[in-house]
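For reference, the structures are reproduced in the following blocks.
Below, subunit A partners subunit B and then partners subunit C, in two separate complexes.
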Partner chain A sequence: MSAGVELKQAGTPAPGFTGSIGRMIMRFVIYAFSIFLIMGPISSLIIWSFAEKWYWPHTLPQEWGMKYWARVLEGKMAESLSLSFGIALLVTFVCILLCVPLSYLIARYRIPAKSLLLLIFLLPQAFPQLPVFTNAMEIMYRWDLVGTLTGVTLIHLVGALVFSVWTMVSVFQSISVSLEEAAINLGSSRVRTFFTITLPIALPGIIASSLLVFLYSLDEFTGSLLIGSPFITTMPVYMYNSAMGYEMQTASVTGLLLMIPGIILLLLMQRFMKSEYMAAFGRG
Partner chain B sequence: MDIRLDQVSKQYGNSSGIENITLSLPQGGFTAIVGPSGCGKTTLLRALAGFHDIDSGTMRFGDRDVTKAPSRDRGATMVFQNYALWPHMSVFDNVAYGLKLRKMSRAIIEQKVHDVLTRVEIPTHDIKSRKPQHYSGGQQQRIALARALVIEPNLLLMDEPLSNLDAKVRSRLRVEIRAIQQSFGITALYVTHDQEEALSMADYVVIMKDGRIEQVGKPQEVYYQPQTLFAAQFLGESHTLKVMKDGKPMQLVLRSENIRLQPDQIPAQLYSEYPAVAFGDGCYSFHAEIGAPLFIGSTYRYMATVQGQTFFVDAEQLYPPGTYLATIPAERAYWFENGEKADTFSQVI
Partner chain C sequence: MPNLSAASKGNNTSHSIFRWLAGVIMIAPATLIVIGLFLYPFMGSLVGSFRNESKEWTLDNYFYVLETYHMDLLFTIAICLISLVLVLALASLLAGWLRLKADPFVEFLFKIPLFVPFVVVGHAMRVFLAPHGTMNSLLASTGLFNPDSMPGVAFSTLGLIAALVWKNIGLTLLLVMGAFRGINSSYLEAARNSGAGSFRLIKDMMIPMSWGTISVAGILTFTSMIGNFSIPAMLGDGGGSQMLMIDLYYELIYRQDAGAANALGVISYIASMGAAIYYVKKVAKS
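For the complex of A and B:
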């Protein structure tokens, strides 16, 4: 019996050893590749943001400095930044207000032509953005909404509602009906059941979906440019304007700054996100 | 409180509706509905819970007509197959939910929650900090049972509460649920597809098929005196043989455990189409070919063949394959003619 045990022990390390080396190489390759993919484009942004003088054929800038960071931070940029955050908050708020009840109804009740309804929500995303937004712009001109906060908020909502409804419907669908039935037959009303049972259970999903909406609104460019100009300059538009003026430095600084809320929110989202909520994106 | 259903019907697009169900559940009794999937047993349970309206008929809880009453006014609480415990609340809050809705004082709620959880054998020292998902499946179902019982309902409904649990826990919880139901003296309706569960737990067993009640009775009654072909076939390890009796083609339902084998050299007396069954000494007997034994634990199971029809025979002894005389006590042989119950005792063919 002891011989058998020894044999087994002697036999095991060899395949395990080569296996772990293979895995380590695989892992290294994957890490290296993803770092290259993610950090590659960003690294040039970082270098550009600190470059005060950088001419061809030099590989790295001739003069380094914080001049552009200072210029961006004290200039109109702060204004754009707060405007962008304000719009994003407003869009997120309106989105939650509209989408939570709507998604719940879609998820729970037999609604005629349910899939058609969901498809309609998807339509603006199905077509190229530019024609959709130029058409929207035409309508907004008629209603005097171009260049106003309302106009930009509305155009952001077009895209945001898609994210929101599709994710939240799947969040509510993932909550078993029996959880609600259990509350109702203990004596709870439908409204009370929704607020004490359904909503708290759906909350992580709603938060995750709202974070996505917030990020979408913060980064939205085409609609903001077409509807917002010339009076409403959000961060992405501001960045675009400075890049158009061949101010690579300003554009880089703005770009880096815009990444910060995104990274923070995505980290937050990871905490709330469950895999079933991610499934909504697969379908969306 | 007696629960009475009268001519209750509910139609669905699919087949799982119910038709003209008339049934009464006596006060304090444990009634189990058993039947194959799609027989309407869950529909009936959900109709009683008030989760959906019925098309016609009446439902009464005692003197009160609850046919149109909303679920939350009925006091019929449900225990679900998936437990349906709320994951965002502690065990205490789960159980206290129904009490809080009744605006009871904090002290009374504490008292009742602790009492009920103690009775279902859930340790109560950490119930305010632990969430239900941190308990085992069997414990979760006991918590769900406590949540349903704590508001002292008129009727306790259970929808296959044990089917998500593994076999050992299941057979233990059967005994426990039965004991808890009796100690509370509550009227209970239990839906299951598992006949063993129904027979072992219930005071009354209701056999359903295709939205209709086939038979209602005490467990021993429905098991030993099936009134319909389906009831006979559904319960036990049952086999149906087409045989010739009194010159008429009939169906004989027999259960594997009731068949005795006797070695016999005489070849089976063959009729053109059906096997012949003889009657004598209070037993029916016929010749059957026995195949190789399968050991199934406490007994051996034999595949038996008679005129191309197969059935199982369970016996403790080991028999070599060959021709045997299979005998069944007359009171354990169930005869049906065109699906209708037929007289059992009769003369030799």
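For the complex of A and C:
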């Protein structure tokens, strides 16, 4: 109380002073609020992952340790971890293979029924995945794909292809056509122009898009739960199962492991992140 | 069908057939996967919602679903609308503040949720907000609250809202900030010089000038919330009203009633129409 009065008295002669104090307080409040809001839930995960014994109403765990990290990394989780990374790598590879040429065609050429093609790749963004995937599951039952690696990879590919076509088309559209025209006028073939002019310029965008596809596949939950069970347990599904079984520590360790690739990507890509890429990403 | 008409300079017929084939090979695989595993099942859910188990056409699925789940439908829409208003308000205020005082640290913090998977958000909120969760422990440790009389919000409405807001704040902030950064600084300086404070700059200048982007962000966020399965799957297990996607999952997996599940799906499509229209317009523009 008294501090506030003092500040006011000291501030009255110089109006700039109260202003800067006010601004500092404002900044402090925003910092405190932001850190609490964002780090609060994450720090709970961290505490839980190191808690060996934690009973209410203790504020912090009574016993700390790495027991659950060790247990989780040795057991079934390690299997899920490598499985998830394997699927994500495969999905990313297929996406690059299929989407680079496709996106280049969409960005540069007049294709018949192009708007139909664009709609096919845009509309999946608009609708919820679960009701569609439940019907896709029925189709996959017919082909014996449920519970197989192929099935899970395919269901990941649906979302990943849509996302990567969208981002890669915008990467190619941002490259000036005149560069390619210059190369062609100088006698280069279209294929050669693509590989020597377009692709090198587009590479950073393609890499960014592929990293996001990798992350999408790693984090995919809905499709993996429906198509993967009971034989293919990816990391998010593993986490869901352990959280449903009230294995708080195991779930927290898995959750943190799932967060790490994303945080690394965020640190790497802060500068390159464009909202139009990300709009496709906020789904689950 | 796909043909590189722009590239059809080659008069040679075998040459143009080759180009045509190359186009098909480039376009077909990805398109077929999306058609086969998204559009075809999407149509399947539309058709399936009007059929009963013996494949007869009927509206019974909708009668059953509306009778059983009308409260859940209202609950879902209410939760999503409340979360949406909170996300948009928070994102606009933060984006406005960041527009005036560039602050990389706060900006970085709020981008984190973008890259945290939905399931993890659900679980983190659960351990954070549960009756005996981290936040209540923290509050209890201050000694100001009686630990046993505090409400646990994790499995209730507030937990869902908190998780949805938390997950969506990153994307909404990114979109709104893009629009605010596009506003010419001279407008803001002019208003500032005639005595407007930061809050008024945000409320009376930035938000009205970026209304288009904010409403697009709102539509995309709303549909993503309606269709979200992972967060309510992690959080919403406390009885009472459920989110629509949980009802759908329950109908399919536990009651094995595909017709009812599809009817719920179609209702969720209708709720997502805003985003669909936005994407159709986007294609029409390009």
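As a convention for this text, the second predicted complex is superposed on the first by the 233 of 284 C-alpha atoms of A that agree within 3 Å, B and C clash if a C-alpha of one lies under 4 Å from a C-alpha of the other, contacts with A are read in each partner's own complex, and residues count from 1 in each chain.
The rule we apply is simple: a residue touches a chain if its C-beta (ideal position, glycine included) is under 8 Å from a C-beta of that chain, and two chains touch if they have at least 3 such contacts.
Quick caveat: nothing in here was measured; it's all calculated off a predicted structure.
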item: Subunit B versus subunit C, judged by how many residues of subunit A each one touches; value: C
item: Partner chain in contact with A:Tyr109 - subunit B first, subunit C second, else both or neither; value: second
item: Contacts of A:Ile207 with subunit B and subunit C, given as first, second, both or neither; value: neither
item: Partner chain in contact with A:Ser176 - subunit B first, subunit C second, else both or neither; value: first
item: Partner chain in contact with A:Ile47 - subunit B first, subunit C second, else both or neither; value: second
item: Which of subunit B and subunit C A:Ile139 touches, first, second, both or neither; value: second
item: Partner chain(s) touched by A:Leu149 [first = subunit B, second = subunit C, both, neither]; value: neither
item: Which of subunit B and subunit C A:Gly187 touches, first, second, both or neither; value: first
item: Subunit B versus subunit C as contact partner of A:Ile96, first or second or both or neither; value: neither
item: Subunit C-contacting residues of subunit A that also contact subunit B; value: none
item: List of subunit C residues in touch with subunit A within their complex; value: 1-7, 23, 26-27, 29-31, 33-42, 44-45, 48, 97, 101, 103, 105-106, 108-128, 132-135, 137-138, 140-141, 147-148, 166-168, 170-171, 174-175, 178, 220-221, 223-224, 226-231, 233-234, 245, 248-249, 252, 258, 261-262, 264-266, 268-269, 272, 275-276, 278-280, 282-284, 286
item: Residues of subunit B that touch subunit A when the two form their complex; value: 49-51, 71-78, 80-82, 84-88, 97-98, 101-102, 144, 147-148, 151
item: Subunit A residues touching subunit B - in the complex, by the definition given at the top; value: 176, 178-179, 181-189, 192, 196-197, 200-201, 203
item: Touching residues (chain side subunit A, partner subunit C) in the complex; value: 27, 30-31, 34-35, 37-45, 47-48, 56-60, 98-99, 101-102, 105, 108-113, 115, 117-136, 138-139, 154-155, 157-158, 161-162, 165, 190, 215, 218-219, 221-222, 236, 239-240, 243, 248, 251-252, 255, 258-259, 262-263, 265-266, 270, 273, 275, 278-279, 281-284
